[in-house]
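What follows is a set of structures for review.
The following pair of complexes shares a single chain, chain A, combined with chain B in the former and chain C in the latter.
So, the complex of A and B:
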């Protein structure tokens, strides 16, 4: 009970009133937030037992993509350095994971190392690449940087295509690493701690824990001194330099941290996907991640997660829409006005435009509006 | 030596297309300080307009091209009015991302039109080749270079001698001051997008008149104008032309020499050579060869 006592703070009956900076910056600063976060996590752990396997796989990929989106949000949302090169770092992580953890007897290079090596290693390799890009970012600003990171995607695409020993080459691809956590196979079916878990359920639960760890990490970066330095660089870099923020150091840090998130997310994502080929890591992937943070909410962690879940399930959503619209064909061939894939791409485009014009704060902004409405209810105007 | 000159000439032909596209990017950047990622879609749209006018309506090539340029300019203006005008005053990053959205949407409709077969516009006597000192060039390439020169000169004269050109220069310099002088900045934005759309349509027409025509993957070449503008400097008109031609020449030279000189760079390195060149230029000159250095004020 003494734990609870120290956590209750502020003035009685006024949860929003804080008496110190540390109190103001705590992770879950109101009882309502504590309760709702607890409830969301509880529901999330219950989901594998309620949903069908195919839906669960979509959500699993969404949870892993969320980590990548948090990474992009660190560099683009918090530090304000527009990066179109996220796909490159994701690819780097995916291939590091696949090479280190891949099948040693396969057609492509693989060392068959366990997950506790390949997962952090994929993040570290991507972060090292981020360190290399950082100095360029120090010299460039705004849209110049965006175009240079765009160039990075094309160069990376070329490298991935040509390193056939590592990537299998275009059109062929390779398998990702095996999902074995401390001797525990995620692709297996069987009882875990007395509960019967199938493959999709295991993967979902692992992805959920993975996301919770990285979401807390991301939130802690954002609310610490580093995060405040990032915001200062974003808001006005010259002013930040004047008040003593080392621009070079923090820009490089932003890229390295973001790339680490991208690397681990890439490695795990494509381990779950299975076979993947170099063409995956093109400009479109970068745009998808940008769409995630724009639709979800720039410079928010919960927004990144909402956006990533939304964007990864967009394919599924457009498939469902197609069932109700007779002019949309469900096959890739011609016939009908639009195919599902074209509908999905159009939804991307329109959602990006629509959110930026009408709700620049994204899904997070919509949530804030709903929250504020009910907070003041019935005096909400 | 002959092979070298031949690949330079080929590069200049391809570089003209990049130069036209790069000019479009620079137009929009100077007027609105936004890089339009919608340029690939505008180029494809222009090429498809030309295809429709010459193949379906069976108009002569040059008439079709002029109509395509007008249609392309109109498309540019509509895009500006619908998606970008409401966003004036928002961060440029937001606007740039919106143009990505526009590009995606427009290209889906273009891909619907293209289908599986690539769309090729016939250039009058397109297969005829001229030869001089052992260097050959097709009539289509020659026409492209001529059209590019005419366009660039016309644009330069337009900026130098017309009221609208002066207004555009004033807006590029300072939007608020330009407004205070009675210039309607919104009209200037529309004009910049119209010029960019028209330039993209010229480029698109000649891409469609090339041997490969326009298929669903052609849009990617328009992105090579991005290294061109970075090399030349984002806000420099001569820089765009020089950068575009440089990118074309580098690409052609890499295509002919890299497989022998540096095979370890892999197949088709010429496709990414412009980006490698861009990195090199930026490390030495962060604002491109002709760009103006930003002055920092706190």
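So, the complex of A and C:
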């Protein structure tokens, strides 16, 4: 009888031995991966009940930024098209969300539409912009493409600053959309299914589900023929064309998909932030996203998430460091050798340089090394 | 959409008997001042192994680049499976069933062997990006079918041990074999092999020769072979075309070409009127 209950998944003690292609090609193809992913998700759902509200907000923003980072990793990590224009697509998503979902009676334009319209719409608008930019990538590559996409950021910056009816203009800004999911207000406090949930806890849980959905979508793209074609375009474009990959099509597709991720992430991120102004979507934001994928791990989904969580909490981390270092002032104007903001900027620089030199595979690479060490333990190989 | 029954790696049989798979007529290719090819004219028939030989710079690889659509010739015609492929973009020509390997290995070095071969199946993907994103039913089913096909090739080329290793890490001879595998994964109607044994040691050369014979004998795929290893060419080829300075000088059986005084002169230089240095 016990034979019947035995699951056919893998052979005992040989996690890599599979007995069908379907099994070999599933998302989590070893028991260890299944267990650890399950454990991480379980812990993540428990976090809102363990952490303070301010920490939770940092993590919520990190989770949402992860979706944007996955997007950038699709175009830059997988398809190899270096894009400095990610901030533009994030801004486009943020303003589409804010305009469609914003307060209809406010000083700036708003239609007060529900989230199930403004969230996908912000992705679609950004993706359409990606479709327009894509053809440029067909003509240019490497450094030249980076410069052209840089131009996109300046173009966007100008448009966002000038369209005061939509964005509130520099220094003023506007409110993001309301976070109401199918009539359920994320900014409210009250019991949900018998559990008392405050605003930060609700936002965190929603961001977590949002990330899980988009991480799975990202992984699906990466492991399918589309992701393989992206990698082919990145590694050797002539060979890719000769084996039948349409370079134009896949470069444009990479930009469109990446921009969709950026759009939805931008809309949700600034809905959580609340008030935001056009100056946010400058070159610095693009660099931050590049830092996320470089620090996290190029061409990996889990790396994008690790990198995004790390980079968004960098402000908080430098704040904590400032508490222990008397020569670092915690406000911008109060003298001292360094301010926290300067410390944060320095940390960015050091981390990017450090990771590029010592661990080009990023946090993902460090994780792989730890994993491989324990896989072989107590042997070296 | 026809689901390939997995154990069959055979060539498409869509050429009527006696008709050539590919034919070039008076193909001329110029790069501003330089004439890379001039008056190139040949046919390859089903099941045939056609070799192109010639000194360095004779235009052998240029023929491949014309065939796979990387270069556009100024004159002449190229007909593949009964239709002209001039002006078609490389991925379209690949879709018609033209597969190729490269002189300098052009594998996707960050991907593992399975993914490289799966990329060879790109035209047999059978699903678009929407089902790729969702990974429901169709994408999953097609991926498994393609994987099964790829495993047939892995088995055929005896590269099971390297399946999940990034190809950049593998020895040169194995990489050449994987490149052949990627081309075979396309279920080609014509296979172009650009110096498949260049830089290989004796053992690796013999292995590759055996695989080429297997492709010819078991899979019945017509091939064009460019190679400097004369022993290999003379042993394997059905017909040989010798070229010099972009012009074909003799086409015939290996023995005919080998004994042709023009061919000997092209290779060894000298002769009566002009001293060529290549």
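Going forward, the second predicted complex is superposed on the first by the 361 of 381 C-alpha atoms of A that agree within 3 Å, B and C clash if a C-alpha of one lies under 4 Å from a C-alpha of the other, contacts with A are read in each partner's own complex, and residues count from 1 in each chain.
Just so it is clear, a residue touches a chain if its C-beta (ideal position, glycine included) is under 8 Å from a C-beta of that chain, and two chains touch if they have at least 3 such contacts.
Keep in mind that this is a model prediction, so the values were computed, not measured.
Chemist: Overlaying on chain A: chain B and chain C, fit or clash?
Modeler: Partners fit side by side after overlay.
Chemist: Taking the superposition as given, does A:180 touch the first partner, chain B, the second, chain C, both, or neither?
Modeler: The answer is neither, since A:180 touches no partner chain.
Chemist: Counting only touches as set out at the top, which of chain B and chain C does A:51 meet: first, second, both, neither?
Modeler: The answer is neither, since A:51 touches no partner chain.
Chemist: For A:124, is the partner it touches chain B (first), chain C (second), both, or none of the two (neither)?
Modeler: Neither partner.
Chemist: In the three-chain superposition, say which chain, chain B or chain C, touches more residues of chain A.
Modeler: Here the partner covering more residues of chain A is B.
Chemist: In the overlay of the two complexes, what angle sits at the CA centre of chain A between those of chain B and chain C, given in steps of 10 degrees?
Modeler: Placing chain A at the corner, the angle measures out to 80 degrees.
Chemist: Just checking: does A:22 make contact with chain B only, chain C only, both, or neither of them? Give me first, second, both or neither.
Modeler: It touches chain C, and chain B stays clear.
Chemist: Touch test for A:221: chain B only (first), chain C only (second), both, or neither?
Modeler: A:221: touches chain C, not chain B.
Chemist: Once chain A of both complexes is superposed, is A:113 in touch with chain B (first), chain C (second), both, or neither?
Modeler: neither
Chemist: Who does A:238 touch here: chain B (first), chain C (second), both, or neither?
Modeler: Both partners, chain B and chain C.
Chemist: If you stack the two complexes on chain A, which partner ends up touching A:147: first (chain B), second (chain C), both, or neither?
Modeler: Only chain B; A:147 stays clear of chain C.
Chemist: Enter the shortest inter-chain Cα distance between chain B and chain C once the structures share a common frame, rounded to whole Å.
Modeler: Superposed model gives a least chain B-chain C C-alpha distance of 7 Å.
Chemist: From the superposed pair, tell me which chain A residues show up as contacts to chain B and also as contacts to chain C.
Modeler: The answer is residues 236, 238-239, 242 of chain A.
Chemist: Touching residues of chain C toward chain A in the complex: what are they?
Modeler: The contact residues of chain C facing chain A are 68-70, 89-91, 94-95, 99-100, 102, 106-111, 115, 118-123, 125, 127, 129, 132-135, 139-140, 143-144, 147-148, 151, 182-183, 186.
Chemist: Sort out for me which residues of chain B touch chain A in the complex.
Modeler: Result: residues 34-35, 83, 86-87, 90, 92-94, 96-98, 100-105, 108, 111-112, 115, 223, 226-227, 229-230, 234, 265-269, 271-272, 275-276, 278-279, 282-283, 286-287, 294, 296-298 of chain B touch chain A.
Chemist: Which positions of chain A touch chain C when the two form their complex?
Modeler: Answer in residue numbers: 21-22, 24-25, 217, 220-221, 223-229, 231-232, 234-236, 238-247, 253, 257, 299.
Chemist: Can you list the chain A residues touching chain B in their complex?
Modeler: Touching chain B from chain A are residues 82, 136, 139-144, 146-148, 150-152, 154-155, 157-159, 161-162, 236, 238-239, 242, 283, 287, 290, 294, 334, 338, 342, 345-346, 348-353, 356-357, 360.
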